[in-house]
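Next, two complexes with subunit A in common: one pairs it with subunit B, the other with subunit C.
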Partner chain A sequence: MRSTSGLGWHLIRGWALLVYVFMFLPVAVVVLLSFNDSQFGSFPMTGLSFRWFVELWENEAILRAFETSIVLCLLTSIISTTLGVLASLALVRYRVPGANAISTLLIAPILVPEVVLAVALLLFLNFLGIHKSFALLLFGHVIFTLPFVILVVQARLVSIRREIEEAAMSLGANPVQTFFQITLPLMLPAVLAGALFAFTISFDDITGTLFWKPGGVETIPTQIFAMLRNSISPEINALGTVMIVMTVGLPLLGVAVARRLAQRSGG
Partner chain B sequence: MSVEAREARQPWILLSPALTAVGLLLFVPLIFIVVYSFWLRTASGADQVGFFLDNWQEALTDRFYRDILISTLRIAAITTLVCALMGYPAAYFIARSRGNKAILLLMLMLPFWISYIIRTMSWINILGVSGALNTFLMWTGLVSEPIQMLYNEPTVILGLVHFLLPFMILNVYVSLDGIDMTLEEAATSLGANRWEAFLQVTLPLSLPGLAAGGLLCFVLGAGTYITPLVLGGPSDAMFANLVFEAIITQLNWPLGSALSLMLLAVLGLLVAIYNRYLGMAQLMKGLG
Partner chain C sequence: MSSVVLKNIVKRFGSFTAVHPSNLEIPEGDFVTLLGPSGCGKTTNLRMIAGLLDPTEGEILIGGKRVNDLPIHKRNLGIVFQNYALFPHKSVADNVAFGLKYRNVTKTEIARRVEAALSLVQLPHVGGRYPKELSGGQQQRIALARAIVIEPDVLLLDEPLSALDANLREDMRVELKRIQHQIGVTTVFVTHDQSEALAMSDRIVVMSGGRIEQVGTPEEVYNRPQSEFVANFLGASNILTGVCRERSAETATLEVPLFGMVPVPNDKAARVTDGPAKLVLRAEKLTLMDTGADTSGMIAAAATVETVDYQGQTVRYFVRVGDRSLQAINMINERPFPEGSAVVVAFRPQDCAALPG
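On to the complex of A and B.
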């Protein structure tokens, strides 16, 4: 009897299907309701309309939050990826004494509950004179995303063969030329994957952000959170739809670009 | 400087920015809040530097904090159990499926990428007074008035399960995928039936993945304060909500430090036990 037949397998498949429905249904309802013509962000559907997306576009507070989010995530992504790539190179490419301990240290920010990280950082930087500000947000997002970048980049770096670099060197390239002409292009998919990961995690963060953000400054998630205080408005559903498209679309785009790059570099 | 010495220094130059960041933005701040937890907030609103045990006494002996800590651990435990029960068969299906595993996994990762706050609030659209379920029940005539299904402990657990399930499935999947399928076939050919083969071969071999997923679900679940704020009622506060209250609302930073450290100690103990018996490598496999 093959492993994918029989009653047991059918039950498992049915169960898995239900799990997928459980994961997707609420999200699908958000998207559906964002096109609802009704005044209220709820059922019944009274007709299809794009009006909530138009209102979203005209909502100053949301546009400002969007701008803050994008600037914050871009900066976080750049800094985190730079730090993460350098550290990953050291861990993968060199024999570092105590490499395991160092790895654990570097991923410690995700082993500590985010609330505790948020409190510690807020209190310490405040003590140093850095009060709730964009800078504090940036520090927080960098330290929180760094472990993810290191995990992702390290996993991909392992697969780049050292012999290719050695060949370049033996053919007369100096270390700097080798890095920029051989290593960096080979690493690019890993670097992009890390940057994308950092961006997405930073874009989605709310737990730490609520501790670090100064009054009056909102990112998209904290803006949604603030809007939820009243009631669920159709605008929230529309904003949710935009975020779903962004957070799902970006990684998919990233995967596609990485594939493209990998193919071109003769993978 | 000799070539060897320069070679030996290079990795440290590459590591130093990241290590400095983790040191200054995580470890020093953690040590700092240990010190801060012994300071005292005075009536004037200023924090008095010194060595006071008041915050620790309050945090450790007040029944209010203890009760919420226990209910937080209970909520995290139930969430983890539900994630395991829902996630294991789903991970097994993906690992043993003859279809396109990459697509099945990607489908699972999609909700993982979707914003946590959106996924949490999406349940209001389903369970709210004018949500999908109530609309459906009214339409069928089963109820005449909408039922308030939200803002209680079960909905907090529901939100957490929805948030954490992908972590569980991914970890179990990684571990199941690494098991040689011929082992199970060998067991059946030696006379075990499918169920026995699963119980005695596959399940034990996949336990590390289950444990890694469980740890992640528990620790992430126990550290959340957003889900109870969105989907819970006034009495469904979790321990992280107390930290948020103390730090952001009451501005009692010394007490907030003590409460944060309590949460860190409880969850850190779990991570340490896990690390002692299973090691961090399994966890990294699932995250990477």
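On to the complex of A and C.
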């Protein structure tokens, strides 16, 4: 091994640091400014305060958007996870004709640019004469998040040996009992991770949501977008902080829980 | 406990035939081994008995009842898999108790039977542990306990010893046989290891290419092979092609190159008729001797040692006799013959078997 103390290594370290600063400084600034007492969302800070969080709490439009977002994300997450688990089971455990093609199709939404997908779905439903609705928005989010669930669950399912299920059946458990007693507990970490992915991706999404949401309905990201068009209020900083906590904190929590579960079940 | 019968069973995967029409009867309480190289159809047969595969044609009877349409979870079988297949998220006791939960057994009875099964496999104190905390050999014992605690009609063992180290494998072999003997359950054992098959089985079913080659006791398939495949798969054999010249009340006399006339006892030449025939000469029955040694009662020929493969207790020689290279496995008395030495190879005709040509 070559020494890691030469000038070259110092330069590489410095550069890496700069990259991190470039990536995370704006986020840090948002979090910092959300606690700023000043009524302008910018430096210098005039004092530490939670007033913007309080105002956020009192802002009807934001609360409504928050509620919409939570309902949408929860439903997306539940539907995507259920469909994703069923699809993975079918693709991994049963011989489905054209399994590869189906798998590719289900995962394709990740590869197609979001705008294209959004417009396509909208045009398609227009063509069918179906109007924008919350159900349509939900439908779009499910299409979007399903690939992530399938990728995670499929990978786990492949690692669960078929003989374990065969052993359960030979001992008298029917296929449904085998699923709930053996397969589901063993793939639970992946199922939770998939659900979490679906939740945070749906919570974050703006492009598709802008196209699909019916008039008057706002999610948190579209609400921020709308607010930004008028003025840069310090409330947005506070909202940004809340979102960061949700989209970073929640997955971290999920990963920790999944690890505990995986450890208990012997990975 | 029940007998198992396969009637004209056939299994095809697409255009590939894994099992050609086969008939097999396994009597109640027997320990029967399906022996053969990989791809011979032995595991396919086992999986059809288990209900993990549907036969393409034919019938499977367990305890006299047709089970073709009975799903695996209703067949009351114990299966032990090569890779244990324990439930990693359940404790050892819960693993063993699993099958009892689906059979109307009270909680106290479950606890009692789990304990009994664990002591039968000599691991009475591991109930609270998880499978990954046990060694491979211990895991396989738990898998066995889990399979027998439900008092299965038939015990199916799919290469259960293959994943274990050589030493442990021999211990488990004895252990498995002891437990099977103790509970007397009809057992179907699948292996590609001839020594396992010879040591454990009441009867051996030798399979090759999806066909049953021979069924018999270990002694029968070893000493009276009915095909060249069986002769070569169970131990090493030299096959000499010759002609059957004469059949008497006791012997069939074959004329083979290198050794001349060999009178083979009739019970080892059952299917031989006049005309082309093959002589099966087991490697361990072909003895190397110094030139000039007494070979009375034996059939002998001069030979040269080509290769010496020292194996500790025994030594494996390849010797050249005329234009043929023959294999011989001998015990070592003092020291093995060196390569290139001139020797005499000899065998007793009653140690040979004959096959139709």
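Rule of thumb we're sticking to: the second predicted complex is superposed on the first by the 249 of 267 C-alpha atoms of A that agree within 3 Å, B and C clash if a C-alpha of one lies under 4 Å from a C-alpha of the other, contacts with A are read in each partner's own complex, and residues count from 1 in each chain.
Everything below uses one rule, namely that a contact is a pair of C-beta atoms (placed from the backbone, for glycine too) under 8 Å apart; a residue touches a chain by one contact, two chains touch by 3 or more.
None of these values were measured; they are calculated from a predicted model.
K.L.:
Mind checking the superposed model to see whether subunit B and subunit C fit together on subunit A or clash?
P.N.:
In the superposition, subunit B and subunit C stay clear of each other.
K.L.:
When the two structures are overlaid on chain A, which partner does A:L111 contact: first (subunit B), second (subunit C), both, or neither?
P.N.:
first
K.L.:
In the superposed arrangement, which partner chain does A:A101 touch: subunit B (first), subunit C (second), both, or neither?
P.N.:
Neither: A:A101 stays clear of subunit B and subunit C.
K.L.:
Report the partner of subunit A that touches more of its residues: subunit B or subunit C.
P.N.:
Partner with more touched residues of subunit A: B.
K.L.:
May I ask for the angle at the C-alpha centre of subunit A between those of subunit B and subunit C, rounded to a multiple of 10 degrees?
P.N.:
For this superposition the angle at subunit A equals 100 degrees.
K.L.:
When the two structures are overlaid on chain A, which partner does A:A226 contact: first (subunit B), second (subunit C), both, or neither?
P.N.:
neither
K.L.:
Touching A:A173 in the superposition: subunit B (first), subunit C (second), both, neither?
P.N.:
second
K.L.:
With both complexes superposed on chain A, which partner does A:A135 reach: first (subunit B), second (subunit C), both or neither?
P.N.:
neither
K.L.:
Touch check for A:A155: first (subunit B), second (subunit C), both, or neither?
P.N.:
first
K.L.:
Give, as a whole number of angstrom, the minimum Cα separation of subunit B and subunit C in the superposed three-chain arrangement.
P.N.:
Minimum C-alpha separation, subunit B to subunit C: 6 Å.
K.L.:
Once bound in the complex, which stretches of subunit B touch subunit A?
P.N.:
Where subunit B meets subunit A, its residues are 10-12, 14-15, 17-19, 21-22, 25-30, 32-33, 36, 86-87, 89-90, 92-94, 96-98, 107-108, 110-111, 113-119, 121-126, 128, 130-132, 135, 162, 165-166, 169, 181, 184-185, 188, 194-195, 219, 222-226, 229-230, 240, 243-244, 247-248, 253, 256-257, 260-261, 263-264, 267-268, 271, 280, 284, 287-288.
K.L.:
Show which residues of subunit C lie in contact with subunit A when the two form their complex.
P.N.:
Spelled out, the residues of subunit C in touch with subunit A are 50, 52, 71-79, 81, 83, 85-89, 98-99, 102-103, 130-132, 143, 146-147, 150.
K.L.:
If you look only at subunit A, which of its residues touch subunit C in the complex?
P.N.:
161, 163-164, 166-175, 177, 181-182, 185-186, 264-267
K.L.:
Where on subunit A is subunit B touching in the complex?
P.N.:
Residue positions touching the partner: 1, 3-4, 6, 8-9, 11-13, 15-16, 19-20, 22-27, 29-30, 33, 40-44, 82-84, 86-87, 89-91, 93-94, 96, 102-117, 119-125, 127, 139-140, 142-143, 146, 148, 150-152, 154-155, 200, 203-204, 206-207, 210-211, 221, 224-225, 228, 232, 236-237, 240, 243-244, 247-248, 251.
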